[in-house]
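Paired with chain B in one complex and with chain C in the other, chain A is shared by the two complexes that follow.
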Partner chain A sequence: MTAALAEKHGTDAPAADDTPRRPPTRRTKRERAFDDVPRWQIYVPLGLYLIFTLIPFYWMLLFAFRPAGSTSLVPWPMTLDHFSKVWNERSFGIFFQNSMIVGVATLVATTLVALSGGYALARFDFRIKKGFMLGLLCSQFIPGALMLVPLFEIFKNLQLINSLGSVIIAETVFQLPLSIILISGFIKNVPVSLEEAAWVDGCGRFRAFCAVVLPLLRPGLIAVGSFAFVHSWNHFLFALMFLSEQDKQTIPVGLNTLIGADSVDLGALAAGGVVAAVPVVIVFAFIQKWLVTGFSAGAVKG
Partner chain B sequence: MTKFSKSLGSAVALTAVLALTATACGDDGSGSGDEGKGKGTITFWDNNGGPRTAVWTEIIKDFEKKNPDIKVKYVPIPIADVQSKYDTAISGGGLPDVGGVGTAYLANIVAQNALEPVGDRIAKSALNGKLVEATVASVKVAGGKGDEMYSVPTSVNNGTLWYRTDLFTAAGLEAPSTWAKFYTAAEKLTDAKNNKFGFTIRGGAGSVAPALDAAYGQSGITDFWNGDKTTVNDPKNAAALGKYVGLFKKTTPSADLNNDFTKMVAQWDTGTIGMLSHNLGSYQDHEKALKGKFAGIPNPIGDGGTRVQVSNPVDGLGLFKASKNKAAAWKFIEFAASHAENSKWNESAGAIPANTEAAKDSWITEAEPTKLAAAALTDGSTKVVQLPYYLPDWNSISKADNEPEFQKLLLGKVTAQAFLDKIAKELNAAQAEWKQQNKS
Partner chain C sequence: MAQAAAVAEQSRPHGPPRRRTGATPRRLPYLLIAPAALLMLGFIAYPVISVFYYSLQNYNVTKPWRNGFAGLDNFTKIFTQDDQFWSTLAFSGQWVVTQVALQLALGLGLALIVNQTFIGRGFARAMVFSPWAVSGVLTSTIWILLYNSSTGFSRYLADAGIGSYGTSVLSDTGTVFWAAALAELWRGVPFFAILILADLQSVSKELYEAASVDGAGRLRQFFHITLPHLKDAIVLATLLRGVWEFNNVDLLYTLTGGGPAGETTTLPLYVANTGIEGHDFGYASALTTVAFVILLFCSILYLRLSKFGGDPK
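Presenting the complex of A and B:
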């Protein structure tokens, strides 16, 4: 049998082998059907899809690195002039820093509050629980633009206009409903008996939560945190409306100022786009595995 | 009723009540403000933040040098969102002392009672008699409050037909100075198989005003209103527009259907398209991409021998009523609209100055498209059809409400007459409503 397999695969495996082997796992019918498909039928469509997805990014990189006025389809000779312009002349260094502050603070605030809210929804029964959950869902139907004026009034009264705090609070508030629902789904998946065991061992509720539940929530926390970060990083409206000082503005607002009334500097716009995309790409590159797990698990097991 | 339905009902009701309550708050931004002591810090919102940041920084530096007691806080606002930024600030507070205000949305801000009338201040200032009469008239009309002015004009743009001189020379064509020459050139320069086109038409955002420009330009109709009814759907305009949109896909790229000015200009600057109808604002972009290979002229002359074009928005500076330091704010406006600074700003923007002395400066004669545009506006050779910027509904009628209709027109799903009839119906209603509101 082993010899036959070796012959089939063209390997030099010995005909007899004394070392104990694990029995081959049974492959499902679906997996066997997948093996029968020629590889090109899988890779060609995937390759085409990848090219289709990457073309806009290539276009952005092309304009960002190509000298102004060039019509070449490759970014050569390469220039960093556009990056220098957006970073130094158009204050993207400051915008980047502000966006990072907003993104990280929103991530932290959203995750912490969503953890508390999600735990309460998952572990406690109270009279208006269903109504509360529905309220959270309904809040998703309210567009941010509708809340602009009231939020503006509130932040003005709190002396928070022209402060990054206003954007962080607004972003957190808009992220929370979905985040709470997701985290609540995750916590429900952690058996209460695990926590009870910790209580028996002398832990209080908070310590049991930190020691037992929290480590199991990693995919959910990463999903919620990254979603909060990326959303606040890209969000334009609140930053535009609540911040009226140049050195407080964020990357999305800065990007929009590169489009003038009658002219647009495409090189600078593309370079600004690259600067804006880099953190998001890095975040997704590191967390994509947990992100997919996190969203699917939190979403379906409520 | 089940428990679930009750909860759902309560939640929806609560959401609706919260949303409605929340949106009901706010003030109207019409606080009377204060003259102040003429010193301190003032805030200035640039309505075309980004592209004009460098020149404004320079002007502010000049101003602060001359007025050491006044500091100007500069805030660049992206042009696409300036109206919503003003609207939010009018509703919630936080308006600047001075703001860039174009005639395209001046009426909207005036209607919300947020701007200070500036006619008297101009009359008592060094700007008296130094503003180009056509821009003053445009600002008065756009404000919609009779002879009162609600912004100090600083700059005017003009529709320009940009064309590739290298392609025209190679094809043995004359400059497209008349509509007949324009159509001939569009056809002769098209070689669709080799991705060469004679013209690029604006089919995406901002498509309606250029379409009206082409319609009035060819029909020769010079008035927008005939009594209380608009002339926009005059059969002559419909025929002219039908001919113009007939170019779509024949002598233009099919991608034009969704092109806003950004894509249209980028397409023209990087491709082999013979002509582009835009305004003076894209001059610098063409200079960078096509230096020495292009020229810009005002709209073509019609069969009647006269150039007719629709009015272009006039940019200006507004003094906000809620300002607590109007004296200092006015000093800044006066300074920015003065000869030297207005000239500096317009040279940077490639636009036509609203200051009469700045309009005579040498840089204008050196920039051929600007010179021709300035001449067209001042030498009496051009009839300008005044678009009704004063109507608060003008922006929605000329943009969101009818841009999808224009795409249908390009695709042949509606006729030019039907398209213009729809616009005319909306305009006539808006005009009647505006007249009713301004009866007193």
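Presenting the complex of A and C:
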């Protein structure tokens, strides 16, 4: 079979039966799979794309670590002046703390609410299900930027302006629809029979869910939770609008202030960028391998 | 106990044996969606309705004497007198189409490459996906450093004889579109690459083997197996991304501020300026309503034309 395949495909896998029809080439060293691609077709475009991806990151690190006024292309001699300036003088220390609170609170709130809603959608038929689904889908078309004014009025009435609570609520709400759709997809992929077996063993629905379904949702929950964290860490408009006091602002707002300064201090800007990037990079490194499996577990197919 | 549970199971096939918990299965789904539904009613549905309501009003904080019911005046003004509406709408369209097309093409290529087996694949995936997690403001920060005319990358390109010294690509109306587009592309491609790579995991290997046996080359395999398999994922990803690119203002707001000379003002950016800086909330609401209807119409048209989920695989 392998030999037949290799022959049809025109590669030179060592044939088991009769003499090879082509002179053996370098490739015969290992048996080539039917879908194998010449190495250069992988490495050349990949290398080019890596350059495009990594130069901007390098550029930021370069500006953040080299002394002001230097035009060297390597960050050496290295200095941490820009960081201490940004962290202390430009209050990035406080911004970092605020962003962390918003990110973690949004993560927890989004995951809990979406688990509950996603479970209902995956496991029950109920009267307003279709309407609820439609609402979730339609909400994807609503530009958050255009909801700023009415949202501002709501939060003013709730006395949440200049409180991180307003940003946490707004981020959670706009993160919910996608999270619910994703999580209900993940739950649908867990066979009901597993839960039923636990019910027969005397578990209530909640205990059965925690014991049987929850562990299987791990990749999906990691994907959804990290989305929520990264999104709220990155998002900028709500914090810009709802938090006007400086000690309540978040990192993206702080960066925007640096960009908008009359004479942009590039070193400080780059250092601020690094501070903004570090938590996301850590989260990303942690979830990177879950990301693809998490999605292929049924996210796209719903 | 187990037997009793099994009997109860038979009589109510869709739930665990009823226990002391207060929630009956009839009420349970409503209780479960209640938190999500209440949050979305209060913070999405209500603002949307208030936008629709204000679109029919004259409502400007700085001109309170004119406030009141306006009928369709705002809408008439949009379609007959407002040149900026049309120019920002055209720019939004250009921006969305450019971004979605290029992000899809590059993301698809990238996904196909990192789906192969090769040495260093895990590392390569992590690297090429990494801008996915970068925010619009951070993207602006990074590209401002790159585009800076005195110490940016362009200076080094000029040193090497490419381009000229002192060019600021972000303040030149001829270059600003592609300068901003490149920055957005940089962080947008990984989204497509991740989604498409995820979907590639579920293509059956046997299909390729069968195609090989039938003598189909790699190109034909791509067009007859891979692409049809990816179709739904691609339609969904392009739609979500298109809507997202239309609505998102972070990058352009911080990178170009809509300038130079309004050259990169998208419709949402124009609306935000009208509503927030111009305090003309009635007119901004009408613009929002029009934008929303356009977006919804285009999305439905797109799903229809692409026959989403139509043919079974």
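The definition used in the following text is that the second predicted complex is superposed on the first by the 255 of 302 C-alpha atoms of A that agree within 3 Å, B and C clash if a C-alpha of one lies under 4 Å from a C-alpha of the other, contacts with A are read in each partner's own complex, and residues count from 1 in each chain.
Operating definition for what follows: a residue touches a chain if its C-beta (ideal position, glycine included) is under 8 Å from a C-beta of that chain, and two chains touch if they have at least 3 such contacts.
In this text, all values refer to a predicted model and were calculated from it rather than measured experimentally.
Novice: Overlaying on chain A: chain B and chain C, fit or clash?
Specialist: clash
Novice: Using the touch definition from the top, say if A:P150 reaches chain B (first), chain C (second), both or neither.
Specialist: Touch partners of A:P150: chain B and chain C.
Novice: Quick check for you: in the superposed arrangement, does A:E245 touch first (chain B), second (chain C), both or neither?
Specialist: First partner only, chain B.
Novice: Residues of chain A touched: more by chain B or chain C?
Specialist: C
Novice: In the superposed arrangement, does A:W290 touch chain B (first), chain C (second), both or neither?
Specialist: neither
Novice: Kindly classify A:G135 by the partners it touches after superposition: chain B alone (first), chain C alone (second), both, or neither?
Specialist: After superposition on chain A, A:G135 lies in contact with both partners, chain B and chain C.
Novice: So, does A:P177 touch the first partner chain B, the second partner chain C, both, or neither?
Specialist: In the superposed model, A:P177 contacts chain C only, not chain B.
Novice: Once the structures are superposed on A, label A:A261 by its partner contacts, choosing first (chain B), second (chain C), both or neither.
Specialist: In the superposition, A:A261 contacts chain B only.
Novice: Which partner does A:Y49 reach: the first (chain B), the second (chain C), both, or neither?
Specialist: After superposition on chain A, A:Y49 lies in contact with chain C alone.
Novice: Under the stated touch criterion, which partner chain does A:D201 make contact with: chain B (first), chain C (second), both, or neither?
Specialist: second
Novice: Could you pull out which residues of chain A sit against chain B in one structure and against chain C in the other?
Specialist: Overlap of chain B and chain C footprints on chain A: residues 71, 128, 135, 138-139, 141-142, 146-150, 153, 241, 256, 258-259, 264, 266.
Novice: Residue numbers of chain A touching chain C in their complex, please.
Specialist: 4-5, 8-9, 33-35, 37, 39, 42-43, 45-46, 49-50, 52-57, 59-60, 63, 71, 73, 113-114, 116-117, 119-121, 123-124, 126, 128-129, 132, 135-136, 138-151, 153-154, 169-170, 172-174, 176-177, 180, 195-196, 198-206, 208, 230, 233-237, 241, 252, 255-256, 258-259, 264, 266, 269-270, 272-273, 276-277, 280-281, 283-285, 288-289, 291-296, 299-301
Novice: Could you list, by residue number, the parts of chain C that touch chain A in their complex?
Specialist: Per the stated touch rule, the residues are 1-2, 5-6, 9, 14-17, 19, 21, 25, 28-30, 32-33, 35-37, 39-40, 42-48, 50-51, 106, 109-110, 113-114, 116-118, 122, 124-138, 140-146, 148, 151, 153, 156, 186, 194-195, 197-199, 201-202, 208-209, 212-213, 215, 218, 221, 232-233, 236-237, 240, 243, 246-250, 254, 268-269, 271-272, 275-276, 281, 284, 288, 291-292, 295-296, 299.
Novice: Which part of chain A faces chain B closely enough to touch in the complex?
Specialist: Touching chain B: residues 68-69, 71, 89-90, 128, 130-131, 134-135, 137-139, 141-142, 146-150, 152-153, 156, 161, 240-241, 244-246, 253, 256-266 of chain A.
Novice: Along chain B, where are the residues that touch chain A in the complex?
Specialist: So the residues of chain B in touch with chain A come to 3-4, 7-8, 10-12, 14-15, 19, 22-23, 25-26, 43, 45, 48-54, 73-81, 84-85, 88-89, 91-94, 96, 102, 157, 261-262, 265-266, 270, 278-285, 288-289, 291.
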